[in-house]
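Common to both upcoming complexes is subunit A, partnered first by subunit B, then by subunit C.
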Partner chain A sequence: MTGALFAQSLVLGILLGGLYALLAAGLTLYFGVMRVVMIAHSAFLILAAYLAWFFHERSGLDPLLSLVITVPLFFVVGYGMQRFLVSRLRPISLTTMSVLLTFAVALTIEGLLGFVWTGTQRRVQLEYSGTSIEVFGVSIAVVKLIAFALAAVSLGALYVILRKTSFGRALRATTQHPEAARLVGIDTDRVAGLGFGLGLATAAIGGTALSLDYTIYPSLHWHWIGPLMAIIVVGGLGSIPGAAIAAMLLGVAASLLQVPLGTTWAQTVFYLALFVTLMIRPQGFFGGRLAQRF
Partner chain B sequence: MRATRRLTVAAIAATTALTLSACLASPEGNDQGGGSAGPDDPIVIGVSLPLTGDFAEPGKGVQRGYEAWAAYVNENGGLLGRQVELIIVDDQSNADRVASDYERLINQDGVDLVFGPFSTRLVVPAAQVAQDYGFLFVEPAGAAAEVFEQGFDNLFYAAPAIADDHYDHLADHILALPEDERPKTMAVASMDDPFAQGTAYGLRDTLADAGVEVVEDEVYPPNTTDFSGIAAKITDSDADLLIVGSQYQDGVNLVVALQQQGYQPDMAAISGAPTNAEFPAAIGDKTEGILAPTGYTPTATYPSNEEFVEAYTAEHGTPPAEDEANAWTTGQVVAAAVEAVGCADPSPECQQQLVDWLHENEVETVVGTLSWDAQGRPQSAHLIQQYVDGEIKIVLPEDVKEADLIHPKPEW
Partner chain C sequence: MARVAGLLALVAVVLLFPSLAADPFILSVGVVILSYAVLATSWNLVGGFTGYISLGHAAYSGLGGYATALLILRTGMDPWLALIAGGLIVAAIAIPVGIASLRVRGASFVITSIALVLILQLTFQSWHTFTGGSNGLRVPRPFGTEVLRPEQHERFFYLHAVLLALALLTWWLIERSRLGAGLKAIREDEDKAQALGVPTFAYKLTALVISAFFTALGGGLYALWFGYLDPIFQFSILVGTYMVLMALLGGVRSLFGPLLGAVVVGYAVEVFKSQYGDTQLHLVATGVLLGLVVLFMPDGVIPALSSLLNRRRGAASIREVSAEELAKQREEAAR
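Entry: the complex of A and B
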C-alpha cells in the first residue's frame, strides 16, 4: 500500500464513518428510549433520499434545501408512528414485535417507492457531483464533505438537545427508568413519541446526505440496515456517543481493509465486529450499562 | 437484497399465472394440429417464451420481435411462398415447463419449425428437447458459456458474440495502435457476475497476452454501493486503460467516484452502464470518450437493420431494443436456411439439412453477418460505441461507424 493510497483510504473512511455515525445515532436512540428495534430506519433514509431527488428534479434547486420540508415531516411521521403503531405493541414483547412491525413498515416503504418512482435507479446530478478539493495529495469529494458536515452538525445538535434541554433530560430519564420518570411527572408516552420523531428526523438528514453521492433505488435500504445494526451493538445499544465512535472506527477499518482484502471481504468487518462484541462484551464496547448512557 | 423483492414479485406473478392458466383450459393454437400438409398451408413455428415470471420483461420483448418478424415476412410474400404462423406459449419462466412446452409443440401441435426461448436457464432444457427430435434450434438469448458446452449440434445463438468476444473489435483496434499510443497498463474492475466478468475479462486477457500490464484487478459483489475505495485503488494505480464490467448503478457510481478522485485514463471501456439511456443523465456532461460494447443499436447501418427498424417503429411507435432485435435475427437466420435448403417441415431429413446449411454458411442479419462454430457460438463481436459530442455513437468496426474513435479520451 502506497502512502498516498493509505491517506486517501483513511480520509474516505472518516467521511463514510461520519455518515454511518449519524445514521446509527438515530437507530440507537429508538432502542435507548423505548427498546424498539427499528428495521425501517434505513427505509426512511432511502425515502428521504428519494424526496431529495424528487425535489431536485421538480424544482431544479439544490437537494439540500429539501431538508426544510423533510426534517419536520419525518419528525411528525416519527411521532405519529410511535404513538399510533409502536405504542400499541404489548410492552412484554415490545422488542421482538417491533422487529416485525418495522420490517413491515420497511417493506411498505420499499413497495411504495417502487410503485411511485419505479425500480429505475436514480441519481441526483449536480454541478459539483464530480468535483473535489485536494488537500496534501488527498482528494476530498465536495459531496462527501457536505454529507460529513451535515452528519457532524446534526450529531452535535442531537447531543446538545439531549444534554442541555429539559426535553433532553426527560428523554434520558425515560431511557434510564420509565417508572421513576413517570413518578417525577414526566409524560413518558409523549417523550417517547418525540424521541422517535427525533430519530426519524436524523434519517431525513442522513437520506438527503446520501442522495448527494449515491445512486438510489427502492431496495437499497437493505444494504444499510445490516452495518448500522452491527454498529449500534458494538457501540452499546442506546448509547449515542458509543454508536458514533463505533461507526467511525468501523467505517475507517472497512475503508482501509478494502485495500489489501478487496471489496467483498472488507464488508464483513461490520459483522466480524458484531460477533466479537457478542462473544466478549455483549453490552457493547462504549456504552456501559444502559442506565448510564448518554 | 434485491432478490427479496424479485422473489416477492415472482411469487405474485406465479400465483396470477396459476390462476390464469387454470381459467384458460386449452393452450393457444391447439387447433393447429397436423402440421404442414400442402404447399398452401402456412409454415407453423412453435415458440415457448417466459411471458410471466422472472423473465417476463425480456420475454415479452422477444415476443414482440418474433411477431414483428412474422408480420413482416407475411407482408413480403412469406417463406417459400407460404405464410408464416407463430404458436407462442407461456412457460412462466419455468425450466421444467419449457421442456414440456417444446415436447407438446413438436408432438401434438406438429409445428414445422421451432424458435428458441429467452435466457440460458430456459434455452438449455428447450434445446435438449429440440436435439432429441432432431429439430434445428436457433435461439435469441442464451449467451452463457454453459449453453455451448452441452454437446448440442443443432443449436445456434442468433446474436453477434458470446460475452468473452464482445470487445474483440476494440482489442483489435488497440493492438493496431502505434507503440507510443497504445496503453501500457490497465486497471480492471468488474461486478461478481458471469456476464459482466466475461465481457471485461475477454478484453483484459487479450490485451494481457499482448503485453499490457494489469496493475489493478478488482471484483465487487453486486450489492456494492460505495465505490470510493475501489476508485482510490484504481486512481493510485494510474493505469492508462480502464476496463469496467458493470450492470448499471455500479458503473455509474464507480465512474463518479473516479471523477471525484481525479483519475484520468487515456481510454475507458465500460460494459453495461453506458448503453443505458439513463447513463448520461446520471453522469452529466462528463461522458465524453467513454467506450462500451453493444449487441444491437437501431442506428447500425446493416442493410436489413434499416428495414427492421422501419417496420418495427411503424408498428410499435418506438425503435426496437436488443431483445426484439435478437428475436428478429433468429427469424432471419432460420428463414435464410429455409430459403436456401428449400424445405420447412418437421422431418429429420429437412431439419438436418437446415442445421448443416447453417454450419457451413453465413447469414446477413440486423446485427451484421453471422456465422457459427460447431457448438453454435457466433463468431463476430459486438459493436463498439463511444460518447462523442455527448451522444453515444458507433465507432468500431470501421465499416459501420458513425463517428471516429476519440483517443486519448478527453478528461472527465
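Entry: the complex of A and C
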C-alpha cells in the first residue's frame, strides 16, 4: 500500500467513523435509559434517508433541509415508541423481548419502504455530488465532508445536552441508577421517553447524511445494524465515549482493510471484533459499571 | 389417555397426508411446513428451555444446507452420510459461537445470533470459488432420475416427518432429564439456578449445540429436497424470524407448540405468497405479527388461550399467582 493510498483510506475511515459514532451514540442512549437493544435504529436511519431523498425528489431543494422535518418527527416517534411500546414489556425479560419488538419494527419499516418506494435503488443527485477537495494530496468528496460535519456537530450537541443541562443530568442519573433518580424526584419514565426520542433523532440526522453519499434500498439497514451492534459491544454498552472510540477505530480499520481485501471482506472486521470482544472481554473495552450488566 | 389419542391422531394425519393431498403442489407445501416444524422445534431446544432467544438460527440451517451440499460435491460422499456429517460440523461450529455469546447474560446472545447470519450471508455471497457465491449452488439429488417429482415430494415428506419425530423425542427426553430441569431453572431465574449449583454455562452450551445440530439437519434435508442453495435465502434474517415467531406463537414451553406454530405460520406464509406474490408486504405482515405476539402474548397463543379458558372455569394454575398476589394472600391469612 502506497503512502497516498494509506492516507486516503485513513481519511475516509475517519469520515465514516464519525457517522458510526453518532449512530452508536443513539444506540447507547436507548440502552442507557431502558436497557434496550434497539434493532430498529438502522431501519429508522434508512427511513430518514428515504425521506430526505423523497423530499429532494419532490421539492428540488437540498436534502439537508429535510432535517427540519425529520428530526422533530423522529424525536416524537421515539418518545411514543418508548411510552407506548417498550414500556409495556415485562421488566423481567425486557432486554430479550425488546430485541424482538424492535426487530419486528425494523421488519415492518423495511417492508413498508419496499412497498411504498419499491426495491429500486435510489440515489440523490446534487450539483456538488461529484465535487471533491484536495488536502495534502488526499481528495475528499464534499458530501462525505458534510456528512462528517453533521455527525460531529450533532455529537457535540449531544455532549452539551448530556453534560450541561438539567435534563442531561436527569438522563445520566436515570442511566446510572433509576431508583435513586426517582427518589430525588426525577420522572424517570418521562426521561426514558425523551432519551429514546433523542436517540431516534440521531438516526434522522445520520440518515440525512447517508442520503447524500449512498445508494439506498430497503434492506440496506441490515448492513448498518451489524457493524453498529459490534461497535457498542466493543465500546462497552452504555458508554458514549466508548462507543465513539470504538466507532472510529473500527471505521478506520474497515476502511484500511478495504484496499487489500475489498469492500465485502473488510466488513467482516466488525463481526470479528464483536466475536473477539465477547471472547476475551465481554463487558467491552471502554465501558464502565453499566456494561457489566449487559 | 387423551394425550395418547392426540398423539395417535397426529401420527395418522402425517402418515395419511401424502395420499390425501390433491396434487403435487399441496404435497410440496406439506414438505415446506414440515421443514418449518423441524426448524421451529429445533430452535425451541434452546429458545424454549433456556429463554435465550436466537434470531439467527437461519445461520445453522443455512450452514447445514451448504455443508451437506459441499460434502457431496467436493468429496463425493453419500448424500445421507453428508447430511449427518454436515449436522456434526455445524454442531462443532456452534461451540465457539456459544462460548462467545453465552458467557454473559442478556442481549449478547441475540446480538451474536443476528451478527452470525449477516456475516455468513456476506461471506457465502462473495466466496465464489468455494460456495458458488451469489450464483447459488446446485445440490445433487439423492434419488435417481427415475423417481418422479410427486414421488420425490412424498419421500421427502416422510423423511422430514422422521426428523421431526426425532427432534420432538429429543425435546421430550431432555425435558425429563436433569439437564432439562437445569435449563428450565436457568429460564426462570439464572441467578438462583447458579446458586443451587446448576452448571449454567455448560448446560446452555449443550442446549445450543444440540439445537444447532437438529437445525442443521433440517436445513440439509431441505437442501436435498429443494436442490438449490442461494445465500440470500439460506442465511435470511426472515427465516430466523419465522422460527422465533412459530415457536412463540405456539408456545415455547410446550412440546408441540412450535409444531403448531409452524403449521399456522407456514400455511399463512404459503397462502400469502400465492395470493400476493413475493411482495414486501410479507415483511410487514411478519413484523406486525411478531410485534403483536411479543406485546400481548409473550408466552404464546396456546398458553394465553388456555389460561383464558381456565379463568373462565374459575380454576387457577399455580403459575398464575404472582409473587405480589402471594404476599397479599399470606397477609390475609395471617390476619
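Following the convention adopted for this analysis, the second predicted complex is superposed on the first by the 290 of 294 C-alpha atoms of A that agree within 3 Å, B and C clash if a C-alpha of one lies under 4 Å from a C-alpha of the other, contacts with A are read in each partner's own complex, and residues count from 1 in each chain.
What we mean here is this: contacts are C-beta pairs under 8 Å (C-beta built on N, C-alpha and C of every residue); 3 or more make two chains touch, one makes a residue touch a chain.
Keep in mind the model is a prediction, meaning the values are calculated, not measured.
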First, second, both or neither for A:132, with subunit B first and subunit C second: first
Contacts of A:114 with subunit B and subunit C, given as first, second, both or neither: both
Partner chain(s) touched by A:123 [first = subunit B, second = subunit C, both, neither]: first
Partner chain in contact with A:12 - subunit B first, subunit C second, else both or neither: first
Which of subunit B and subunit C A:194 touches, first, second, both or neither: neither
Partner chain(s) touched by A:181 [first = subunit B, second = subunit C, both, neither]: neither
First (subunit B), second (subunit C), both or neither touched by A:93: second
First (subunit B), second (subunit C), both or neither touched by A:264: both
Subunit B versus subunit C as contact partner of A:106, first or second or both or neither: second
Set intersection of subunit A contacts, subunit C complex versus subunit B complex: 110, 114, 119, 218, 222-223, 262, 264, 267
Of subunit B, residues touching subunit A in the complex: 1-2, 4-5, 192, 218-221, 223-226, 228-230, 232-233, 235-236, 248-249, 252-253, 256-257, 259-262, 278, 281-284, 286, 412
Residues on subunit A engaged by subunit B in the complex (per definition of touch): 2, 4-5, 8-9, 12, 16, 110, 114, 119-121, 123, 125, 129-132, 134, 139, 141, 143-144, 213-215, 217-220, 222-223, 254-255, 258-259, 262-264, 266-267
Residues on subunit A engaged by subunit C in the complex (per definition of touch): 37, 39, 85, 88-90, 93, 95-97, 99-101, 103-115, 119, 218, 222-223, 225-226, 229-230, 233, 237, 262, 264-265, 267-268, 271, 274-275, 278-279, 282-283, 293-294
Interfacial residue positions of subunit C with respect to subunit A in the complex: 51-53, 55, 99-101, 103-108, 110-112, 114-116, 118-119, 122-123, 125-126, 237-238, 241, 244, 248, 279-288, 290-291, 294-295, 298
